[in-house]
Structure formats: C-alpha cells, structure tokens
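One chain, chain A, links the two complexes that follow: it is found with chain B in the first and with chain C in the second.
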Partner chain A sequence: MSGSISKDVRLLAAIAYGEASTADDPQEIGGIAFAVANRCRAWDGKTVSELRSADPNYSYAWDGSNARFNKLMRTPDGEIDLNPAVKLAVVWAQKALANDGPDPSNGAFWWDGPDPSNGAFWWDGLDFRTNYANHPKVRDGFKWGSASDNIFGVREKRREVIVRWKIRNKKTGQIVDGGERGRYDSVWISTAAHGSTVFWQHNPDYLKASGGKAFR
Partner chain B sequence: MKMTTIWMGALAILSGSANAAQVYDSYDAFYAAQPGAVFGAPIEQDADSIYSLPGEQGIYTHLRSALDGKTVRIDVAENRITVNGKTYRFARATTFPGEYAIDIDPASARVFLARGTRIRPSLLCLEGDGSGSGEADRHKQIFLLLDPLARNAAWLHLPSLLSSCRAVVATNYGRFAFPKNSYLFDETQESRIGLLVSYHTFAHRRFASVPAPKQVRLRFTHPEIPFQFSVQDKN
Partner chain C sequence: MLAESHEELEHYFEIVDVKTEAPIEGMTYKLSSDGQPLVHEAMLAGGKTPAFSLLEHPNLTFVAWRHGDVR
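So, the complex of A and B:
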C-alpha cells in the first residue's frame, strides 16, 4: 500500500479487523467497516474518532483488550501490505469512508449495493450465540430481516411493546394516561450476515413508537 | 473441638470444593452464589407500562414497589432515573474510573431494591444496556443509589464488564462492595482465558479496593468465550 493512511482510516480498519472473526472474510470485515461509517454519516457526519468519543460503548475493540485491533493500530504504514487481512481491512475502511454519495435506495429500507452490511449501523459476532440468553438485543427483541441472516441458528425473539402518551390534564395539572403513541415487536432487525457477524438496524416501528433516532 | 464446629468446618470445605468444581453459564448465577449478595429479583415490569411525554424525547417505564415500608415510584428513562420525584441523571453519577455513562433502553432496564439493615442503608440498583456492537453485550450500565429515599442519596456508576446488579455484596463491616473485572490473558497475551474479579467499595466519597472479599479468579471453559466459566481461586 503506497503512502500513509489517515488516522480515521486506521481506526476504522482496526475496528473492522478487530471485530471480525479470525476467518478474515472480506464481506464480514467490509460490512463492519461500512456499519461504522454508515452510523458516522447518519450521526451528523461524525468522524470515526468523534463517534468513539460520543458513544464509547459502541465497540469495545478499542478498549485495549482486542489483540487484532491492537495489532492493526500498531502496524506501520509501510508494513500494511505484508499482511493480506490487515490490508483488506484498510481497503474496506477507505471504501466505507469514501461512500458519502446519495443513498442508492432513495430512502428505502433495503437495497443492494456495495455495502456488505446492507445499510446497518450495528453488528454482533459469536457472543450473539454464546450469550444468547442474556444478550441485550435478545432482551430488547429482534427479528430476522431474512432467514439467511440466522447464521447462528438461534430463535427469533419478538417482544410486543405498546408505548402510550402521558399528558397533562389542563384542569388538574396531573399527568394522566393518553392515547397510544405506537407499538413495536422488536427493537432490532437484521440487515445482512457474513462470516460470523450479523448486521442490524433499528426496527422502523420502534423508532416511530419511541421517537428515537435511527443512529442512537 | 465441639462436634458442631467440626461439622460446620466440614460443610465449609464441602461447599468450597463444590464451588471450585461448578461450571457457571451465567454471571447472575455466579454473583447470586457469592456470600453477602444484596439483590435478589428485579422489580417486575408490566409490558404495558412504557410511556412517552409530548415534547420530550424517548420513552420511559414506570415501576412501583415498596422499600423500608414506604411506596417507591420509579421512572426509568434513557438517560436518567426518577425515584419518588427526584431525578438522577446517568451523566451526573460519581463514575468509577474508566467507565462512561451512556443512554440505555428503558424497556429492557432492570431495577433492584434491597432493604436497609441496622448497619447498612437501603439500596437501589439500575441495570441497563446501551446500543452497542460486538462485545458491547459484555458491558452493563450499572447505577447504584445508596439510601434512595434520603434527601442526599449517593449516586454511583459502577464498572460494566461482565457485571450485574446482583454482583453487589454486603461486607461484614457495614458497607457494600462490587466487582471491577478485567480479563486474564494467556502467556502470549493474545487470548483471553479468564476474568479477575476485584472487589471495591465507595467510602468517604471515593472508590477504593476492599480487604475482603478481595479477588476471585475465573477461568473460561473455552478461551475468548467468557460465558461459561468456573472459579479458579479466591483470596
């Protein structure tokens, strides 16, 4: 790889390389790079470093305990070409960060394009299977966008939630029950799966019922 | 030596051996088995008790319980908890070094209450998850409110890695302790093979390690997979 890579490209490549399984699946590494870059773009165009500061819980590869993340962060520019998987992660990071054009789906929820994550903002690896009973996305409720995303062979977990308004009674000043704001059956929907990684977005019904933002 | 003393000693040895051999597949189960565990089951949450206020962002849950003979009304929102009308924001908690307060999903949050004793105040613990990726599932947002019905309750943000409200234990000197966990690596420093559970407390407005219980070493059944483990040793 000729020339130096930017701080943001290196950080993104290290996340993708560190979070992916050791199989070094190009679509898995690329999907993670895109998921991070997608969230950066959606969240006021943050850099990867800014995203890390804004949401330290987003990925723990950067907390010092992930050997692959640490390895890529320490690899000198001139030695990136020597490790094909490290180089792959850097190339995907550059590609993900450069993909700042218009949404090819024109706002649709699904689309086919060069993004292996299929528009995701989050991902999960092997912990989704090994920690299924206590996994936050299982507790929140999730469903498969496609049956082929179920790479771990686990049950879909739907959770019916109804969100109701609380309003102030103008006469008494008391907060009382209002009408229904919305309902959802899962917080998460898978968008793709590659290697040992599942990619996620929020369920639009959840966003509507909670008033939440797609990238939070 | 009296027979009862011998019998109690034998029981302790048997109990210790069983503990060392036991394989856990849940941190809640492990923490619940520790001496002095403070919290039991969380307050039951009605699936229909999730609300939203016009003009305010997000959702919140409403819980109701009793503590020390008094009614406790609790609202859990994405960035705060309100107890009997008094609000505690996550970002304003006294935070254990290295931890970061983030928003949680109120619908999945769990709240635990523990009655006070003659030597220890009552406690409220909130456990929630943020919107993370990858190994973020190993980190819980844990907030502890000491003496929650008091006017000046202490509001703490505890360590997150593989922890739980159920990890909080009462010490025999009238305080509480909680674990700060860190991974144990193999000789090459590349593979995580266990967890060092080091207990700390909050006293005199600062976090500090405690003399006992001090440390527990857990060994993962399979390297890099921390969700099945056994106790390696305690001191």
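So, the complex of A and C:
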C-alpha cells in the first residue's frame, strides 16, 4: 500500500478489523466498514470521528480494550501491507468511505461486489446469541430479513406495535376521534450475515410509524 | 366532523402493543406544533404524549425513536 492513510480511514479500518471475528472474513470486515460508513453518510455526512463523538457506545472496539483495533491503530503506514488482514480492512475502509465497490483488479482475495452489509447501519457478533435475553435488539423486537441471516440459530422476537393519535374531550375524558399512524412488528431487521456478524437496519415500517430517522 | 366544540378537545399520540394495549416503554419523542417545538426529547409516559388543545395546536407533528444504546 503506497502513501499514507487518513485519520478517518485508519479509524474505520480499525473498527472493521477489531469488531470482526478473528477469521478475517473479507465480507465480514467489509460489511462492518460499510455499515459504519453508511451510518455516517445518513447522519448528516458525519466523519467517523464525529460519529464516535455523537454515539460513543456504537462500537465496542474503540474503547481501548480491543487488541485488534489497537493493533491497526498503531500499525505504521509503511507496514500495513505486511499483514493481509490489516490491509484488507484498510482497503475496505477506503472503499466504504468512497461508497464504492471493491476493485476487481485486486483479484480473488478481495470480495468482488457491492456493500457486503447490504445497507446496514449496525451489526452484532456472537454476543447476540450469548446475551440474547438481555440484548437491546431482542428487547426492541427483531426479525430476519432472510432466514440465512440467522447464523446464531436464535428465535425472532416480533411484537406488533401501533402508533396512533387520539382526540378526547378534556371535560368528559371520552375519546371522540383518532386514527392510526402506522404499525410495525419489529424495530430491527437483518440485512445480511457474514462470518460471525449479523448486519441490521431499522424496519422501514418502524420508521414510517414512528417518524424516526434511519440512523438513530 | 366532530360534534364537540374544539375548545373542549385535546389530542395526543400513543404507542401501544396491538394485542394487549400495553404501552411501549423506552421511547423518546419530539412534538411540534406548526413547526414550533412543544416538547423536545422527552420519554413517553405510559406510552403517551401529553395532550394539547386541538384549538391552540391543530397541527401536531410527532417523532419517536427507541431510547438508549443499541449494543
């Protein structure tokens, strides 16, 4: 890899490398890089550093305790090529920030296709299974976008919810009118799964009913 | 057409479980009236927003989102 990499590319590469499983699955690393970059783009075009400030709990890896994250952050530019997985993460970070597909000229080592996260903004690793009962996405409600995303072999958690408005007479308390704004059966829906990582976005029905933002 | 006088009416939003009617907890919301903020980032209480006069605030906009960390 020739030349220096930017601070944002390095941070994004470190997240992708640090959050991915140690299998160094190219699609898993690339998917995480894209998920972060997708959320940055959706959230008023934030840089990765700005995203870190805005949502410090978004990634576990950047809290200082993740050896792979720390390793990539400390790898000098000139030594990135010496570790194929580190180089992979850096290339994916560059492509994710450019919102670009991988360069086919890199050959079979690189996954040749678009965003491996399939438009995700979030991801989960093995803790989704080990902490299933207390996991925020399980509490919120989630469903699989595709059965093949269920790499952890856990049950969907659906709950049908309605958002509505009501008009009442404040003297009598009687409801005199109202209507439905929308309904949803889960807050989260999976978009892909690679390696030991499931990728997520908000269920569009949830966004429509709540009026919330896709990145929040 | 509502039979009651608008002076007596108030409106609000709520988020509930379809089957049980139980309020959905853990949601933050913003409420605005004709583009002017009325409530800025508060938690729903019992799944409901406060009620506002239909006469004074005929055009309420409600935006809600899940509260807290995702991971």
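Operating definition for what follows: the second predicted complex is superposed on the first by the 189 of 216 C-alpha atoms of A that agree within 3 Å, B and C clash if a C-alpha of one lies under 4 Å from a C-alpha of the other, contacts with A are read in each partner's own complex, and residues count from 1 in each chain.
Just so it is clear, a residue touches a chain if its C-beta (ideal position, glycine included) is under 8 Å from a C-beta of that chain, and two chains touch if they have at least 3 such contacts.
Everything quoted here is computed from the prediction, not taken from an experiment.
Student: Which partner does A:126 contact after superposing on A: first (chain B), second (chain C), both, neither?
Tutor: first
Student: Chain B or chain C: which reaches more residues on chain A?
Tutor: So, of the two partners, B touches more residues of chain A.
Student: Which partner does A:187 contact after superposing on A: first (chain B), second (chain C), both, neither?
Tutor: both
Student: According to the stated criteria, A:82 is in contact with first (chain B), second (chain C), both, or neither; which is it?
Tutor: neither
Student: Could you say whether A:98 touches chain B, chain C, both of them, or neither, answering first, second, both or neither?
Tutor: neither
Student: Applying the touch criterion given at the start, work out whether A:167 contacts chain B, chain C, both or neither, answering first, second, both or neither.
Tutor: both
Student: Report for A:176: first if it touches chain B alone, second if chain C alone, otherwise both or neither.
Tutor: So A:176 only meets chain C here.
Student: Per the contact definition in the header, classify A:211: touching chain B only (first), chain C only (second), both, or neither.
Tutor: In the superposed model, A:211 contacts both chain B and chain C.
Student: Does the superposition put A:58 against chain B (first), chain C (second), both, or neither?
Tutor: Touch status of A:58: both partners.
Student: Please indicate which partner A:23 is in contact with in the superposed arrangement: first for chain B, second for chain C, both, or neither.
Tutor: Neither: A:23 stays clear of chain B and chain C.
Student: Which parts of chain A are touched by chain B and by chain C alike?
Tutor: 57-60, 122, 124, 136-137, 139-140, 159-167, 181, 187, 210-212, 216
Student: Could you pull out which chain B residues touch chain A in their complex?
Tutor: Within the complex, chain B touches chain A at residues 26-28, 47-48, 50-54, 57-59, 100, 102-103, 105, 107-108, 129-139, 141, 183, 189-192, 225, 227-228.
Student: Inside the complex, what are the residues of chain C that reach chain A?
Tutor: Touching chain A: residues 2-4, 8-19, 24, 26-27, 51, 54, 60-66, 68-71 of chain C.
Student: Which chain A residues qualify as touching chain C in the complex?
Tutor: 57-60, 122, 124, 136-137, 139-140, 159-171, 176-177, 181, 183, 187, 210-213, 216
Student: Any idea which chain A residues touch chain B in the complex?
Tutor: Chain A residues touching chain B: 19, 35, 55-61, 65-67, 122-128, 130-131, 133-137, 139-140, 159-167, 175, 181, 187, 209-212, 216.
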